[in-house]
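In order of appearance the chains are A, B, C and D, and numbering begins at 1 in each one.
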Amino acid sequence: MAVRTKKLINNPQNIVPEMLEGFAAAYPNIVRLTDDGLIVRRTPKPANKVALVIGNGSGHEPAMIGWVGPGLFDVNIPGDIFAAPGPGRILAGIKAAHPAAGVLLCVSHHAGDLMNAEAALEEAEDEGLENVEMVVLYDDISSAPKGREPERRGTAGLFFTWKMLGAFAETGADLAACKALAEKVRDNTRTLSMALTPCAHPITGEPMFELGDDEIEIGMGVHGEAGMYKGKMMSADETVARMLGPILEDLPFRAGDEVCVLLNNSGSLTLMELSILHRRVAQLLGESGIKIHRSWLGAYATTQEMSGFGLSLCRVDAQLKNLYDAPANGAWFKSVG
Amino acid sequence: MAVRTKKLINNPQNIVPEMLEGFAAAYPNIVRLTDDGLIVRRTPKPANKVALVIGNGSGHEPAMIGWVGPGLFDVNIPGDIFAAPGPGRILAGIKAAHPAAGVLLCVSHHAGDLMNAEAALEEAEDEGLENVEMVVLYDDISSAPKGREPERRGTAGLFFTWKMLGAFAETGADLAACKALAEKVRDNTRTLSMALTPCAHPITGEPMFELGDDEIEIGMGVHGEAGMYKGKMMSADETVARMLGPILEDLPFRAGDEVCVLLNNSGSLTLMELSILHRRVAQLLGESGIKIHRSWLGAYATTQEMSGFGLSLCRVDAQLKNLYDAPANGAWFKSVG
Amino acid sequence: MSEASMSDTIDVQQSAQIIAAMAQAVTARQDELSALDSTVGDGDHGHNIAKALRQAAQQVAALDDPTPEAVWRTAGKAVQNSVGGASGLLFGAFFTGAGRSLKETDRPAALDVAEMLAAGLAAVQKRGKAQPGDKTMVDALAPAAEAAQAAAGEGLSAAETVRRAADAAQIGAESTREMTARHGRAKFLGERARGYQDAGATSVAVMLAAWADLAKGAG
Amino acid sequence: MSEASMSDTIDVQQSAQIIAAMAQAVTARQDELSALDSTVGDGDHGHNIAKALRQAAQQVAALDDPTPEAVWRTAGKAVQNSVGGASGLLFGAFFTGAGRSLKETDRPAALDVAEMLAAGLAAVQKRGKAQPGDKTMVDALAPAAEAAQAAAGEGLSAAETVRRAADAAQIGAESTREMTARHGRAKFLGERARGYQDAGATSVAVMLAAWADLAKGAG
């Protein structure tokens, strides 16, 4: 099985701080690393705009350190590898974003992220911080059935919320509006992911899950959490067909709808493969009468060097299209008009 | 050894055309796929500006299909996997770019790329095409000793020429000036690359070279061509030290110089590892009195899912810094002011 | 070790020693705990809990003029913020909850132990929403708290109370092998999680055993 | 197969057959040729040359009203543009060069064969700059051209001339095993390339052997 046990690191205990230091040294024009290990914008957002804050386990780069910047997030609170930051650190992140016209804490739905965010918000309340709201984001249709969407976990499709909410907050929208927008994008987004090979946990060096040489798994979470289907390797076209069907049914996406498409590389898939996959996605959407507004192919949120991809669709209207096309300038996510 | 033999493709013979179709369908606002398999800008450059054309073997995505767009290339001629396009296709690419104020054909120095480009230029001359020039680009210090620079091969450091020349051509500079600028960037750029694990050739499915479980190779070419050092795995900091020394000596880069840094992911390295590597690069450059203008960490030219990276430095002056910071909007390379 | 301490109350010095002993015990079994987490989770639990408890032991040692309550609450904060994640938050909540129960300090130590475990369990369940049977640390903690309550009620010594709790936790941890998960990453495995012992429950057993060994030595 | 053809001149039908036979032969040995390329190169030579020659055979078959010169030159263009790369360009140059030499058509076929190989070799060397001893296809082509020249000078038949050339190419290809490379991707290997037979030289030997087999059957 193709697990890369070699990693170019120093002491495994220092991965996160060394990564943050090297990252901040590379992009001083965009971000700043604070003494308490937060990634914040080099040029803070004016105080009359809502600040966007997100915490997450590390190991998913470019997410989320690379998504801090104009048109995107204001503060990222990087946790340990695959572990959400604790409440104390989240609270520090919220304070670093203040004073803006309120803080919206975005939470990718995983047990750890949610529990720590809840604890942090209680501490914020105890300290009398005002105008702090939380929005829980999820998209993965394999993790809970239709009708129980709030139980679903957050995966690559959060891309759409990050991008559109980031643009929306720059317009000066207020906290309630920002939260509503995030929910709107979330509720129109669906994702299904698959893996060809696992990755090694950077600290333990062990494979995060097992897959046979001719096996794939569909419905993986972003830490190798089990999916809904484990089976034989298929062609690119068959893989797409197998994944797109359940996605279309779930929302459901219908003829006449307009969508943004994301094919997210979970690590070591190639853009060559993503392009071949996208060919089939575009063909099938065309056959279903669904129009593509924009597609992005790339590694936007990874699970180390795991090879696989997530297929996400977001149904868009005029408002969302505008926000999607707006410029953004994170270190690792840039959009040009 | 960690070779991923599974690839998400259909018929291996159709990889390139299917990739181009899927790519063009994803980015119709930026590129267009012509009937003869060229990737050209959706909105052509005005005829009074020099057009930039490049051909290359496929399999290195995002290079070069993702580098076509405003501020970058005008036409890319994708070849078969790891095989430069033939003279007939290069000639078609040159013609697709015409009529602009001339065409500069950029050649990444590899035997196949150069021989085919030479043959194409002879055909262009035979057909009476005017204002077509060629510039040969190279950067890899491991492929020929100092003093024999023109024998060196082209690797990830060509990034700097692509970016700066792309911006320069947009200013309306004439053909001779464009060629001189490309040579200036090239002559100030040095690269050394290393690999941790090979990749599989997408057509044959076979590993492109061999490396033991605890081995690395320094000085690799972009198709697994042998390097100058094969040895035991080292820490990130040791790897950087081992690679940066020869690079600094070669130009040489000196105290007081200002440089742009590129850490190019050859496929399945993680941004986490690149950041940790960059931390040490920044430290060592600081100790040498060399100032970093900008660093970019990412996968800009890959060798499929090979894991490894290239370290490139480009010495910059005011002109080059300006060009480097100029906006660009390729499908897979974007720069925001 | 102070002989007096274990016999009457959970005092400062002893609290710090308990936390240090727990840190040592999970560090010694770190790889085994990670391995347990690797089939049904992401394989890092041993690393997480060892790092968290070492951090806790350090921060506790650095306190000046602490109370027992402060010692345990400091440990809780340290655990929560050193590694984060679900387990950081929940194990942190356990320590913080246990610490809070030490406000009232005029009880015999055995009752303190029972109260600490009950309060710690309540804090874990408040955050994590897991019930016994859900294949989590609660499956070790709940029987441990129950056993401690019973032992203290019978008038056993603090050392004996902790030993009973530790033994119950061990049995509870082993019982998770037959469960399917309803929380944490393992929940997505469904039936496939059966046959594997829960990592977090095992940590609880290891930690309580370390406490029991220490108490026995002291008492 | 027309018996007459091979005995006097390299005509259209025969030219097309030669190219088809070459395509078939390299396709049959495609994997072996790729394997040769895999240690010192990128392991795709068999794929490249087989695809290129199949393309050439197809395009040649589609010509209407061709001359022998046009057949070989069409094959050359097809090879160059179907796979590209160093080998596409060089094998293409070989066919194009060989085709150009057929402008003069009043020679006996044996002399045509000798001229074609000489002209093909010259075209390859003009583009690739490789000398004999550099571990490339030239190490098969150069002795083949020399052997053909000698055979034709001795007045041997065209079929015998091709056979001599093919045998010389085979020996030449095998001789590359002892060489270090000065061109292509293998050059970066230095001494490490020693011991491996060059893929391109082997293809030349396979192609000429296919021609010789065809000529024997016809002549």
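Note that in this section a contact is a pair of C-beta atoms (placed from the backbone, for glycine too) under 8 Å apart; a residue touches a chain by one contact, two chains touch by 3 or more.
Everything quoted here is computed from the prediction, not taken from an experiment.
Seen from the Cα centre of chain A, the chain whose own Cα centre is farthest off is D.
The geometric centre of chain B is 55 Å away from that of chain C, both derived from CA atoms. With centres taken as mean Cα positions, chain D sits 77 Å from chain C. Averaged C-alpha coordinates give centres for chain B and chain D that are 33 Å from one another. In terms of inter-chain touching, the protein chains here are arranged end to end in an open line. By the touch rule above, chain A contacts chain C in their complex via residues 13, 57, 79-89, 110-112, 115-116, 118-119, 143, 201, 203-204, 206, 208, 221, 223-227.
Contacts from chain B toward chain A in the complex involve residues 2-10, 15, 18-23, 25-27, 29, 58-59, 61-62, 66, 196-197, 202, 213-214, 216, 233, 235-237, 239, 261, 267-282, 292, 294-299, 302, 304-305, 307, 309, 327-329, 332, 334-337.
Partner chain B is touched in their complex by these residues of chain D: 34, 38, 42-44, 47-48, 51, 77, 80-90, 92-93, 127-128, 183-185, 188-190, 192.
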